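Multiple structures follow.
In what comes next, chain A is part of two complexes: it sits with chain B in the first one and with chain C in the second one.
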Partner chain A sequence: MPTTTEAGEKDPAAAADGRGGPRRRWRSSVLPRHLSLAVLGLLAVTVVMETTGSFANSQLASMAYLGIAAGGLTVLTGLNGQLSLGHGAFMAVGAYTTALFLDGEPPALPLPVVLAAATLVTLLVGAVVGVAAARLHGPYIAGATLALAVAVPGVVLHFERLGGEQGLGVRMPETPVWVLDAAYFVTGSELDPTKYVAYIGWAALVVTYVLLANLMRGRVGRTWRAVRDDEVAAEIAGIHLGRARVLAFVVSTACAGLAGAVMAMAVRITAPSGFSLTLSLTLLSAVVLGGLGSLTGALIGSALLTFLPHLVTGLGTDAGLTDVRAAELAPAVYGLTMILVILVAPAGITGTLRNLWRRRRGVA
Partner chain B sequence: MSPPTTATTERTDHDGGPPALFSITGVSVRFGGVRALSEVSLDVAPRQVLGVIGPNGAGKTTLFNVACGFVRPDSGRLLWKGEELTGLRPHRLASLGIGRTLQGLGLFDRMTVLENVMVGAGRHARTGFASALFGLGRGARDDAALAARARRTLAGLGVERYADRLPGSLPYPVRKRVALARALVGEPELLLLDEPAGGLAGDEMAELGELIRGLTDRMAVMLVEHHMDLVMSVCDDITVLDFGRVIARGGPDEVRRDPAVVAAYLGEEVGGKAGGKAGEGAGERAGREQRGTGE
Partner chain C sequence: MQQLLTTALGGLTLGAVYAAFALALCLIWRSTRIVNFAQAPMAMITTYIALVIIDAGHSYWTGFAAALVSGLLLGAVVERVVVRPVEGKAEINAVILTLGLFILIHAVAGIVFGSRYRSFPAPFGVRGLTVGDTPVALTGFGVFTVLAVMVVMGLLVLLFRYTEVGLMMRAAAFNQEVARVLGVKVGRMLTLGWALAALVGSLSGLLIAGGSLVHPAYMDSVVVYGFVAAVLGGLDSPVGSVIGGMLLGLSLSAVSGYLGSELVPLAALVILMAVLLLRPGGLFSHHAERRV
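Right after this comes the complex of A and B.
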């Protein structure tokens, strides 16, 4: 995966200054680096996907959509300093859009176009909310997005077309024959629908992360961080605060929309209960656990949130607990992990590793 | 902004001189009951260093905030190269060619020194969102050009070796230079410096003086400063504010002898001994705390 994170971590060796010190070469282009990481990542995913069973495949699909949304959120919160408690609501927009577009036999649009459409629709909704949010500050943005997270599932109930409480079933289109053939050719095994969705999710994640990493590395990311660190100084330097904030918000919600689309396909149903406040908070904890402003962190956080509950429940039953008791263990462990990270490693997992590494190199 | 322009221009300088680069005409600002500025007018000629002095709370930072669009004046006009700046917004300054340093440092703490300065160079960026998103070579080359520009500016101020450090880990005088580099890298035609010498030692201040003089081959400078030695040695012209009014203007020698100025500083010797900070002792004004934007 692309591992672009925050400024300070870049090549700390170069910071060992002195007149003759190593001068950091400015990479002529970041794209080749990000692309090669992406290819490596996809290879790794393929290996994992082919060596694990159907249940693990579906978990990997969950990790993919959490990771996509968390990646977008870490850009918004970590790089631009805007706290959104409502990204679950944007995932809902993406998910419902997907469900509606896939309704019909055969679906009116090919799958990639459906994913793009879900992203675009959410992006537009995000732009409207973002313009409003740009007028707000700190806790008020959090409040407004919180309201959104609470309101959206309720609003959905009022629309017959959206299936009310039961929600909409998501029809996965038939896997194209050429995809089946290609998969068999490469992996030597049949591609079942679960695995197909998981692959789609990871492809979407890799594309998203490459694009986000590109943005973070360049002038756009710098602009976002400048606004985060000092508004007045950023403005004097020629940055339009509102535009920078709306852009970050829109990019972030587009990710949430894509995540929602993948979620719809993975879960096979989009219902209001799937997009409760819990989802928004889950995303935020993934981002905080992993380390704010880091895509690697967002991915690690999503992995933890996907696999930890199951792992803990498994350990519980192994230790002789009843299934019910074991299932109760997961939220407790999850809560403890969260508290532990905040107390011991407030910079998140990647942030803490980064600091440790830097200290070892003796850099301030 | 279409205020009545009752400009009582009692300017004595630049009559028939070079046309002003930047003019403030009849600007008044009120904060509730406080008249922070009343009918203030001044001209900055190209490549001139104009000092703005006055006791604490005289309105100097407010004047800068008006010039930057942070504070909308109740009346008065701003002219940039002869054209009126209406509805000025701070983010437009850089592209107009106006740079500013803040009374506080205002550095981006979680960005490296180089990145701090690169943000200031945004005016020279040629590529936008799409080339950044898709990681196109164009965007990367543009970024490399900005980085090179930022490094040159840092080198010009003798702090290039700190390029990859975070500002928080650096000594105060270095951070001051980084802030200056961020303002200079945009190659402004007018630079507004708000207390650039604050927190500097004597020899550093002398260096700063030389540096400011050195800038005048490229730009005009408007300088707010309490250190009279520095002001007297680098400014071509000085405007003195007191209680939001211009009480004197002219060359350093004129201003130093002006009875109104002497009175405003309560008899403190203006342009006195090394590091003398006129105005700081004005007990009468100690109660006026300042809450300028961005400080």
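Right after this comes the complex of A and C.
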């Protein structure tokens, strides 16, 4: 197998074995399973959101947008074997689209439509890049998307409408009254704007993940895996390589666009400095760390990206570093773990745990 | 006319630096089939080493030599310790690995040297020379840049063409199995290849920094330009990389002079995509087709 970094495969033996009829049915009925997991996830998010303070809520909002982007990236890299260092650039497209659509009092479009529009615009950009990128592989596609990530801030500076170095402020529309009422009815507490954005982010994340999970388990996902593992075999099986690659790229960039839209609302400003090369690279490190090709891994990775910096920076300042230098500790940890994961545990966190679990069961 | 001359001369200096960086990428690609994206932060950190030495009161040349030597060592260590295990494995793993190194070295530089901009000295004047009465947009340091790159390239050609080590390195890059059968210590040659490449990378880092500002991210865009230049030349040929670097320097200088400097990275992207889609083997390839 050319790529040993996949973590999202299901154990076919476990699904096919005769033991436990209900369990088998549970495993084979994909959509109900994903939907019920989604509902459970939303419930868990609501509980966490209501029991934590405002700062944690804003952290959860950033975890949501990182998670959406990482989910898209893990599908592209883990399932289809394409690497994108340009997802920060695609997030910028989504974020700027959102900022432009939300400009104006009252905003021209309702919020869900703005989110959809940001996704759609990024998807179109992604399609253009994807058509070109589908012909490349390995280091070439990495270099090309790296060039994209470096180019986008300059392009933003070129157009005055986009606010230059300072960027655009994002005007968050008023929370609709029915949402406030519903939130009060369910949770018994007031819904402040931070929490509202966090809820939007997590709703977007859950929807994205359900769609991605279904894609991965179905025909499209199998096609992507086939293309990744053996191009010749895939072509013989009647798969159009270019089409499969472009589709994977487009799906992935659409996720990045949605992530950018949520990011714009959570951060309240879109500026070129927010979409630096570092963003693209840390997204990749999140995906590698969690385990390529696994949505759970992407979620774990984005949680690490969100909560680790605070922790590590605190340790750094305690050890006598200045704030600015301590802030560099988190990327150092990402880089180091990325190297270690590739050298020691190419399956990432989720894949390694799954392998351990399987080995234990195999012995028993 | 003045504008055109300025653009061309600026492009030549810039092109020399890109050529050096492209050469570094090309050397590593030839021997290990890996594009070393970590080349940029590796060059950045050796430049910081030179800066620390110069700031401590030593001469520019001491710092210059120290940077080149530390580049050599860093390249060897990185190949032997980190890269060796992924050589010959899935190419995506190597790419991710060099990107991990990229992030790590970046962060370490931020922790050790701080993230603020620091000025880096130049050994020669950074003011424009004058020919007769007309000022020319060529600085003393610019002349030094072009000369330094040409000297290094000449030395590399001598090494590869006329020495036994060079022959063994070429053999190891051409076919590892056969080279091993013939008694070449392939592992050592690969380490040496990475070390030399890192040295050339450090040189380009020093040349970009001279008379300008240094901060942990100052080489980030150079890795893109170096990659584009190397792909222009076919990624496989050292001579191609150098010519690609020069061409890219001239084109980007023209874009910067006539359209605006913020569009330079976009121009690099456009050039890269055009080359990959139209002539994937580089501008000078004889093969009609190659997988990229």
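One rule holds in what follows: the second predicted complex is superposed on the first by the 303 of 364 C-alpha atoms of A that agree within 3 Å, B and C clash if a C-alpha of one lies under 4 Å from a C-alpha of the other, contacts with A are read in each partner's own complex, and residues count from 1 in each chain.
Throughout what follows, a contact is a pair of C-beta atoms (placed from the backbone, for glycine too) under 8 Å apart; a residue touches a chain by one contact, two chains touch by 3 or more.
Since the structure is predicted, the reported quantities are computational estimates derived from the model, not experimental observations.
Within the superposed three-chain model, A:Leu277 lies in touch with chain C and out of touch with chain B [touch as defined at top].
With both structures placed on the common chain, the touch criterion links A:Leu343 to chain C but leaves chain B unconnected.
In the superposed pair of complexes, A:Ala234 makes contact with chain B only, with no contact to chain C. Of the two partner chains placed by superposition, only chain B is touched by A:Arg225; chain C is not. Contact with chain B, but none with chain C, is seen for A:Val30 once the two complexes are overlaid on the shared chain.
In the superposition on chain A, A:Leu157 makes contact with chain C only, while chain B stays out of contact range.
By the touch criterion defined above, A:Leu247 lies against chain B but remains apart from chain C after alignment on the C-alpha atoms of chain A. On chain A, the patch touched by chain B and the patch touched by chain C do not overlap at any residue. Those residues of chain B lying in contact with chain A across their complex are 68, 70, 89-95, 99-100, 102, 106-112, 115, 118-120, 122-123, 125, 127, 129, 132-137, 139-144, 146-148, 161-166, 169, 182-183, 186, 293-294. Within the complex formed with chain A, the residues of chain C that make contact are 29, 34-35, 37, 82, 85-86, 89-97, 99-108, 110-111, 114-115, 217, 220-221, 223-224, 227-228, 231, 260, 262-266, 268-269, 272-273, 276-277, 291-292.
The residues of chain A lying in touch with chain B in their complex are 6-8, 10-11, 14-15, 17-19, 21, 24, 26-31, 34, 210-211, 214-215, 217-223, 225-226, 228-230, 232-241, 247, 364. Contact residues of chain A toward chain C in the complex are 2-5, 77, 81, 83, 85, 132, 135-140, 142-144, 146-148, 150-151, 153-155, 157-158, 277-278, 281-282, 284-285, 288, 321-322, 324-332, 334-339, 342-343, 346.
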